[in-house]
Every structure is written in structure tokens, then in C-alpha cells.
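So that you can tell them apart, the chains are marked A, B, C and D in the order they are listed, and the count of residues begins at 1 in each.
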Amino acid sequence: MTAIGTTTAAGAPRLPGWVRYEVTAFAVVTALGLIGYLVFPFDLALLTRIIAVTFLVLSLDLVTGYAGVVTLGQAAIFGVAAYAVGNACLAGITDPVMLLGVGIIAGALMGLVSGVLISRFSALPQLVISIAFGQLVAALANKLAQFTGGSDGLAGFAPSAVLGVFEFDIFGRTSFGFSLVVLAVVLALLLRFVQSPFGLMCRGIRDDALRARMIGTAVYPRLIVMYGVSGAVAGVGGALSAINVGVVSLHSVSFEMSAEALVMLVVGGAGHLLGAVFGSILFQIFGHFVGSTNPFHWMTIVGGTLILITLFAPKGLYSAFASAMAKFRKSRVSQ
Amino acid sequence: MHSLGRILGALVASAVVSVAHADTIKVGVIGPMSGPYALFGQNFKWGIDAWVAENGDTVGDHKVEFIFRDEESPDPAKSKALAQELIVKDRVQYLAGTYFTPNAMAAAPLLAQGKVPLVVMNAATSSIVEKSPYIVRTSFTMWQNTVPAAKVAKDMGSDKVAIAVSDYGPGHDARDAFKATFEEMGGEVVEEVNMPLSTTDFGPIMQRIKDSGADTIFTFLPSGPPTLAFVKAYIDNGLKADGIKLLSTGDVVTEPDLPAIGEAGLGILSTYHYAVSHDSPENAAFLEAMKTVGAKPGEVTMTAVAAYDGARLIYEMIEATDGKQDPDTAIEAVKGMSWASPRGPVSIDPQTRHIKQNVYLREVAKEGDTFINKETQTFEAQPDWGLAE
Amino acid sequence: MITILSIAIDALAFGMVLFIISIGLSVMMGLARVVNLAHGAFAMIGGYIASYMLREAGAGFALSTLVAVLGTIAILMPLEFLLYRRLYRNADAFRQILMTIGLTFFIIGITNTVFGPTSKPIPLPEALSGPLDIGFRMVPAHYVLVIACGAITALGLWFLLDKTQFGTRIRATVDNAAMAESLGIRTEILYAATFALAVGLAAFGGVLGAQLLPIEPYYALRYMVIFLVVVSVGGAGSILGALAASLVLGLASTAGKYMAPEFGDFFFYLTVILVVFIFPHGLLGARK
Amino acid sequence: MSALLQLDDVSMSFGGLKVTQEVSFTLQTGDRVGLIGPNGAGKTTLVNLVTGNLNPSSGRILLQGEDVTHTGISHRVRHGLVRTFQITRLFQTLSVADNVALALLQRKGLAMGFLSSATQRPEIRDEWTRILQVTGLESRAYDPVSVLAYGEQRLVEIAMALALKPKVLLLDEPAAGIPHEETHRVLDAIAALPADIAVLMIEHDIDLVFRFASRVLVLANGKLICDGTPDTVAANDEVRSAYLGSYANDRRSA
């Protein structure tokens, strides 16, 4: 990561050193978003949905890619946050920014609970606990229909205008703009966060938890805190999903959602925030494209593609891309 | 900044203006084209294709084009994005389909804003039609099909019924509908089992039912592998041999599942709004048309009929509005409309915008080599009992 | 009392189904060290072959099962060569997960296209279908088959892995592949044999379990989680562990469904969490 | 002044097997102590008991006068007890600088920073730069540890130990597995350790121990059989028989 920091810094002078990378990232995300807006003005709903899921993938990257906790229960956090936001909205808190706050708090709390349960273990028991935890939450969500609407979904809530000005519209412009700004801000913060002492320590724990203990780190509490942060990020996604869609269903807490997020993360490249973003965007756009041109065979096509990726880009597309770029650069230098 | 605004303005304006000039009217159909429920999405398509095959692809001077999108699973976020895309990008004048209730719910708030009516072709929770005045439904509701089942139970002399339903919205609707109706007629419900949606191991549940002393089971499970396992468990655990009767909604014995259930299923009673074997000239013509569009005989389901009738409504709405985007006129035109559907005589209830139709008692039987649901009794012009009260 | 006995019988049968169908995955995860999420897809292929043999080719049940097992191995061995070989010693769990999920999707897609979306029954011989009176209640006759086959599978595997030279070699390779190679063990052949064993067991489980877990294209995804949970709770690679886990989880599921069906899945997964908390290395697993 | 590290009758058994039997010794400021013993004598077990990776069955361990017998690993590290590993255990995907910086941050209580930069804080940066100079790793600062040669990884182990400013440092076979011509780099780094800390070196290579230590502990079959200057140890018959006997075994099996 340090290396990336320095290369980017060269391209963006005049900014104070400690925010260069993050400001660049903020600008790039915003610019990409605006391009998306201009090129696909009628696909904003799709782009908005991609952003909400991207938060889930980012949150998974924090615990899985950066702290080494492999989980198939991350959607539980995303979904509970979405339900919390839906209920808050029904209870009269309709301001989207406030609702975002509700989602973050609910997500962080769920994250802490997941962390306490899941990061206690390692390897296979960890994976199984994460699955069992996710399934328990899903079973409860089905059961507690007065808060979740059960299988019919929680519907009938409508957030008010963003900042009191921007009404949610059918083209999805407000949804998209709101989500994009939140993504740019959160991504910039996260880029900073993973470079921080805490973020670096989590990467250390991922590499070798015993070694981390042997330099005096209390591993378990740190993983729980990391889960809290990750939960907050997932909560942002859940909140955006609830705010933009106006319905929260069992799908948002399901195993399928968790598994899909993990696939997106691995496709993109675990351990890189940008890998998570790329993975999420590419997988969903690919899925949408294949799904609308050839819905009957999309599983075959997606499955085949995943196999090809593991054969030719086993570290994820982001890493493959990064190393290809490095090779390209090297070959230019040597000429 | 100015030029950016102009570009956007132009884009939006072109979107709005071109609708008025369109001579092709687009209809967006959202259905499960992939995933475990793909058969039902496929039936949406066959049903619509069958209608087009019989009635052509034009209404007046207007060409009608159906665009299919995949909802895959109950995922409202995805469905809302699809509906939004269909409205703003593909500029459809009508939406149709929606197999799953949450997905229909997600699309509902868009309809008024987009001035687009939605013809629900499956999602069976009663309250959907209340979510927007621009929703009309051509399928069924759990209440609609279940209330007659309770009457059947009473008629055949059942006193003690055990209710076993899948533990989710439609299951709860079926349970409540049966219980309310049956108890009102003086029957007793001795056991209520909410079965986990994912389970295929029904041994313990059969044992529980047996222990309750019920003489009849009423059940609802969504079509798929669990229904097969349920029927098997009913037979293998000796309940059938003990003379405990099995009564269900037609979802448990959809025609594509019958061969898998096999001989063991003979005699299972169900109430439903459509049997593929329904004996009428309309149904014969419908099945013929289905064949011409590629539907395999063993794979026709109720969603094909709902889609076929849904396409009829959409053609009616296009004619009433002369191709203009006017959802109020369109919806007004189909309220109270009645016709002879392949399932029998039907009409659109002007109050609820839900379809009023016959519900039939059927019995699994064998006709030559094919298993069929043989209609034995008719409950005429059933409304959605879930909204009727 | 009769209720308890009755639950125990259902639990035993369901547990045995879980065992028969999960043990192949346990072999794959414990011996080849591959988290094979495509296990369900493998089992499903076995089920489809058996169904075809029984219904279209008119073969008997035993023959159909045999053809299903061998046929599945034959169909999948090329995959061993093309894909799985790369995963054995690859510690990267992500790569395993991604590849095997991809494979699962792929197989589902193909199956759906070729065989259609509906369930395919596997009819049992007359003697094993229908109810069987065991005095105080009726049970499905196929319980007998399932329980017997489960016991035979467990014994057979125990013999194969603990008492034969093949088993010794596999265990040596699992403990230290480099050492095993230096002793002249052809590890790649051993891994291929392990793969074939796991696949064969998957197919066998798919056929025998079909009465409770019906065969259809989404079989591969529907039960993936359950298989993974059973193996992990038992401890990957442990036959006795998998048996114990299957019975414990079978009991949790059955008792839950009998007493509080509306919380069925809830009790199952609660039990999983409790067991993992008490036995983090599997019920009888992991010697380390 | 109490001893930096004190073990009182520490014992440990696995099942029925007593792998550590009533071991007692102390380390004082400035001590340079070697711990030797034949293979299987229980050296690594003893180290693990001291660091808290294992819990003793009986006896107690005092660190700067505080009873730490039942405290966790990280607690002991924070109180000045640091070890290096026999087989290097480093953060393999992180850079050399990051490895050392993590140790620094942890020691300085800065490891919970969420938004500051980890390696580029001036006080952290200065210190890891200095430590990498001392250990001769400055040219490798930004390389991931995984690409380093084994000998260099041992140096990173020592650099991390330095960063933790230990009071008591346990070096577990610091020269094991390093090509002979590179051993001096490790020895130089050890020689440059601050004078005021106590160092316990566990080593198989007796020559190395005798060059480094002013006092030697000998462990055989889990028992401490000798504690004295290198000369006394070399002259001790019990040591000789225990050690040489097993040494001969070693040669045969190798």
C-alpha cells in the first residue's frame, strides 16, 4: 500500500501529504460516478444498487481481506441495518441522513456481536460459526414478522428529501447522487483507515495472529473492534438499500447475499479496498448484462467465468491488473 | 456547468417526448427467468407468447413489444432497479409479471410517478393491490383458493383438521384463511404446524400430526422439491394408510410435479383456480397455442394462464388509451371487465382490481400415461376473500 | 416415552442420511484439503444418473446405484485433472471457494438445460417403499435401507482408511506430503484416488439421500450449507466425527421440528453454534 | 531490586509426561544467559511457559516482581518480555518497515489510531529507520518480508524485538537455518543489543552460546541440571553425559 501511496502522490502534487491519496480517491470515485451518470442516465437504479452492495463487499473486505476472518454471514449485518432503517423510517425518522446514522449504528452493533462470536475461532470452525450466525439471524428475521414483514418484506416507508431539498425521483437521480457522495466519503475514510496503525495491526493479525500476540497485541478485542467498523460500513450499505428501494426483504439477510459478496470480493481481490470495489462493480454489471441478454443460461456463463478467473487471475482481478500494470511500466522503463 | 445541465435536460426531454411519438408500445415483464423458480418465469413468457400468437402483435396501429427481465429470487432491491430501468430507459408503458410478493411491493411506488400500470401475474399476497391504484392482478390469492378448501373439508365430513403450511407469508395466509373459514363452520383445528420453508425432511412433522388425532391434513407449500418430499412423507409414515385425508391448495400438486410424485399421489385433493386438464374450448385453444410457442406439455403451470389473461388486459388497456400513456383511463377500462379464460369465466373486481374466478376442487388422477388434476366440483366466482371482508 | 423413541428413530434416519451424503465432503476436506462447495453438485449428478437408469433404462435399484457411483466418478475425473489438482496443496481458501462455487453454478446451469427444472424421483424397490410397521408406529421403509447403508459406509471407510495400505499412505501424505514423496509414495495418484473416493461417496449419498433430499438442479446450492456444517462440526476427515455430528445434528433438527417446527432451522443452527463453542476442533476431529 | 525474570519451581506435564520439572532460575539486568540442552530436553516448552504460550501445571513466574503465571501472552509483552521465534514468524505480506513499525506502535500505545498514518508518523518513522540501520536492513525497508532471504528474516525478528524495547529478551535459536557466511550479521545484531536488558539465548550450537553467554543454563529431560559460568558448565560431568549422549544420537539420526 505504501508503494501505491507514493506513486499516486507523484501524480497529485500541492496537496498536504497526509490526505493526498484519499483526496485523489474521493475525486476519482466522484468523477467515475459522474461519468456513469452521463453515460448511463437511465440505468441509475442499477448503479445505485451496485453502490449499496459495494458497501457490503467493502465491509467484508475489512474483516476478510484485512483481518483474515473468513465469513459467510456478513449479510446478517447488512440486512439488520436495513431493517433498522426501515423501522426507523416507519416510526417517523424520515430524514435520509439521520436514517444513514441509524444504519451505521445498527450495523456497528451487529458487527460487534458478529465479531464476538465469529472472531473467537479460526479456520473451519470460524466459517461454520459465521454460517450458523447468518442463518440464525435469517430465521429470526422470518419469525419476527412484526419488525420485518416476514417473507412479504418490510414495505410502505418513504424517506423525505435529502437535506430537505432533493426529493427521491423516478429516474433515481437523488438516490444515485446521495449514494455516490456517501461512497466517495466512506471510501476515502477507509483508504485512510487501512493505512492507520489499527488497520496495519489487523493486517498483521491476518498474517500471523500469534506473532501479533507476541508483540503485545490483544488479538481478539481488536478483531471485535474491526468487526464493529466493518459492521458500520455494512450498515451504510443496508441503510442506502432501504432508503433507495423502500422495501427490505429476507434476501438482504440471506446466505445467498453473503456468499455473493464473498464471490465479488474474491473476484476483485481480497485485501485491497479498490479490489472490493472493482469486484462488486464488475460482478454486478456482468451479472446484469448476462442476466438481461441470456437469463436462461446465466448460471452456466457466470459459473464458467468464475472458474476461468480462478485459473488465470487467482489473486483477484485487481491484483492481476496491478501486476500487469507494473510489468508494463517496467517494460517501458527498460526500453 | 451550464452545458452539463443542458445535456441532462435534453436527455430527459427526449425520454419524455419520444414516448408520445412511439408507435411501438413496450411492456416490461419481470419474472424469475433463472433460479429455482425459472419454470414459472418461463411460463410467463409462454403465456404471453401464446396470446400474441393468437391475437397478433399489434393493437390498432400500435405494435406491442414485450421485454423480459429476470427477478430470480425475492430481492426487492433488484426488482425495483429492473422496474425503474424498464420505465425510464426502455420507456415501457406497462409493467407485468412479478412472481414474488416483495418484488411487486418494491415496484408499486414507482407506478404513479412513472404513469405505468402493473399487471401482477403471480404475487399472491392480498394487500398488493392496495399498494397502488395502478395495480391489477390476474393470478390468485391464498385466501381465494383456500376458503373453498375449508368448505370441502367440512363437506367431506372432517371434524379435526391439522394445518401444516410453509412458514412464510403465503403459508400464513393459507393457514389463517383455512382456520377462519373452517372454525366458522364449526370445525376444529387440532394442530397448526408452520414448517421451515427450506426443509425437505417431514418425518417428525408427520408424527406430530398423527399424534394430534387429526382426521384431515390441510397443507400449503410452494411448488418445488419440498412438496414432493411432503407427499412422500405423508404416505411413507403411514398416514395415508391410516385413512387421514390430505387436502391442499393446487400449489402442492402443480402438473409439472405430478410425474415425480407418481402413483402415490393419486387421490390427493386440492382446490385451485386452474387445472391444465380443464375441459373447455378456451383451454384447448390455449394449450394448442402454448404448444406452438414451444411450451412442453408437461411444464404448463398456472402462471402461463395468468400471463395469457394479463396480456389480454394489456391489449384492452392499449386499445382504450389508443396507445397514449394514460394509466387512469387504462385501469378504468379493465375494471369490471369479464371474459372466458382458459381457467373458466373470470372478471376483474372493480373495487379491488383483483380477478374474480372459479375455484375448483380437483383430485389427482391418471389419464392414460399422464397424471392430471381432475376437476370434481366448482366454487363459482370467488372473490379475494382476504380483501372481501 | 413412545414420543421420545419415535423422535429417536426419525433422528437416526435423518442423521444417517446426513452422514452418507456428507462423508464424501469430509474425505475431500480432511484428506485432500479442499473446501469443495461443489460436493452437492457431485451428489446431484449421481442422483440424476440413478434416476435415469431407473426410469428410462429400466434397471434395478442396486445396479442403478452402482452405475451412478461409477458414472459420476467417470464424468468428474477429468475435472480432477483440469481443476482440482491445482487446489490440493493450495492453502488459498479463497481460490478453492471461488472455483468450486463457479463449478457449482456451471453444473446447475447445465443440468437445468439438459434435464429441466423439475424434481427427478428415484423410485425404490417395492419392499423398500411405503410404510413399515415397527410395532408402535409406522416408519418409511427406506429408513431401513438408509440406516444399514450408513453403518456399512462408516465401517467400510474406517477399514479402508485405518486398516489398508492405501489408508496408511493417504494419512502419511496428509501429514506431510513432501515426506511421503521422499518415501516413494506417488502423491498425485493418491490424491486422484482420494478425489475419486470422495466423488463416489457423494454420488452414493445423492442416490440414497434422495428420499429426504429430492434431486433437482438447485440441489447443489440448497444443501451446500448443511453438508459444510456437518463436516465442520464433526471435524474434517474424521469418519467417526462426521457420524457423531450427523446424529447430533439430525437429532437437533428432528426434535426441533417435532416440538417447535416454526423454529426448525433455528434449533439446528443454535446446536451448531453450541457444539462449535464446546468442541472447536470438531466433535471427534483434528488430532492437532 | 527484584529480578527481571524469576521462575519458581515451574513444572508442566502433557498427559502423564513431565516435560518441565521444577525449573527455577532468575535473570537480572544485563544478564547474558544461554540455555542449552539436547534435543527434546524441553527448551522450547520452557520458552513457551515463560512467554505464556503454555500454562504451567505448577510453580510461578515473576516478571519484574509481578506474578504473571496466569496472564496472557500480550500482557507479558507489554511488561517487557519479548521473544524471537525459532522458525521466523513475521507478518509475511507486510513490508519490513511495517513489521517494525507495528512493534513500535504497539509499544508506544499508538496502535489504536484509526485515521493517522501508521508508518509515516515522524516519531515512528525516525525510530524504525534507526532500528533498520542498526540491523542492517535499511535498504529492505519497503520490501515485503516474504521476499527476504531467511537470514534477513532472522534479522527482522531481532529488529522487531528491539522495537519492543524489552527488559527481558528470549532469543529462540537465532542462528538456526542461516547459511554459515551470514551468521555474523545476526551475531553482530545480538552484540549490539542494549546493555541494560537481560537476554536468554536458547541455542543448539554450544560454540555460539559459549561465545555469547556469561552464564549458561543446561536443561535435560525437563530438568535444570546446571546453572553456572560457561567454564563450570563445560566441566560438569552430568552435562557432558546428558548432552554428548544425545548428541551422538543426533548424529546418527541425521
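By definition in this document, a contact is a pair of C-beta atoms (placed from the backbone, for glycine too) under 8 Å apart; a residue touches a chain by one contact, two chains touch by 3 or more.
Every value quoted in this text rests on a predicted model; they were computed, and no experiment measured them.
The remaining chains, considered with chain A omitted and nothing else moved, group by touching as follows: B, C | D. When every chain is reduced to the mean of its CA atoms, the largest separation from chain B belongs to D.
Centrality by C-alpha centroid: the chain sitting nearest the overall protein C-alpha mean is A. Once the centre of each chain is set as its mean CA position, chain B and chain D turn out to be 72 Å apart. The distance from the centre of chain A to the centre of chain C, each centre being the mean of the chain's C-alpha atoms, comes to 34 Å. Put simply, the C-alpha centre of chain A and that of chain D have 41 angstrom between them.
Taking the mean of the C-alpha atoms as each chain's centre, chain B and chain C sit 36 Å apart. Of all residues in chain D, none touches 2 or more other chains. The set of chain A residues that touch two or more partner chains comprises 139, 296, 298-299. Across the assembly, chain B contributes 38, 167, 196 as residues in contact with two or more other chains.
Taken as a contact graph, the chains fit none of the simple arrangements: neither line, ring, star nor complete graph.
Contact between chains, per the stated criterion, is found for A-B, A-C, A-D, B-C. Chain C meets chain B in the complex at residues 3, 6-7, 10, 13-14, 17, 112, 116-121, 123, 129-131, 133, 137-142, 211-214, 216-219, 222, 253-255, 257-258, 261-262, 264-265. Within the complex, the chain A residues that touch chain D are 2-3, 17-18, 189, 192-193, 195-201, 203-204, 206-208, 210-219, 229, 271.
For chain B in complex with chain A, the residues that touch the partner chain are 4, 7-8, 11-12, 15, 33-34, 38, 41-42, 68-70, 72-78, 80-82, 84-85, 87-89, 101-102, 105-106, 108-110, 113-114, 125, 131, 167-170, 172, 196-197. Those residues of chain A that touch chain B in the complex are listed here as 38, 41-46, 48-49, 52, 139, 142, 145, 149-153, 155-156, 158, 169-172, 241, 244-252, 256, 291-292, 295-296, 298-299. Taken in their complex, chain C has these residues touching chain A: 29, 35, 83, 86, 92-95, 97-99, 101-110, 112-113, 225, 228-229, 232-233, 236, 262-263, 265-266, 269-270, 272-273, 276, 280-282.
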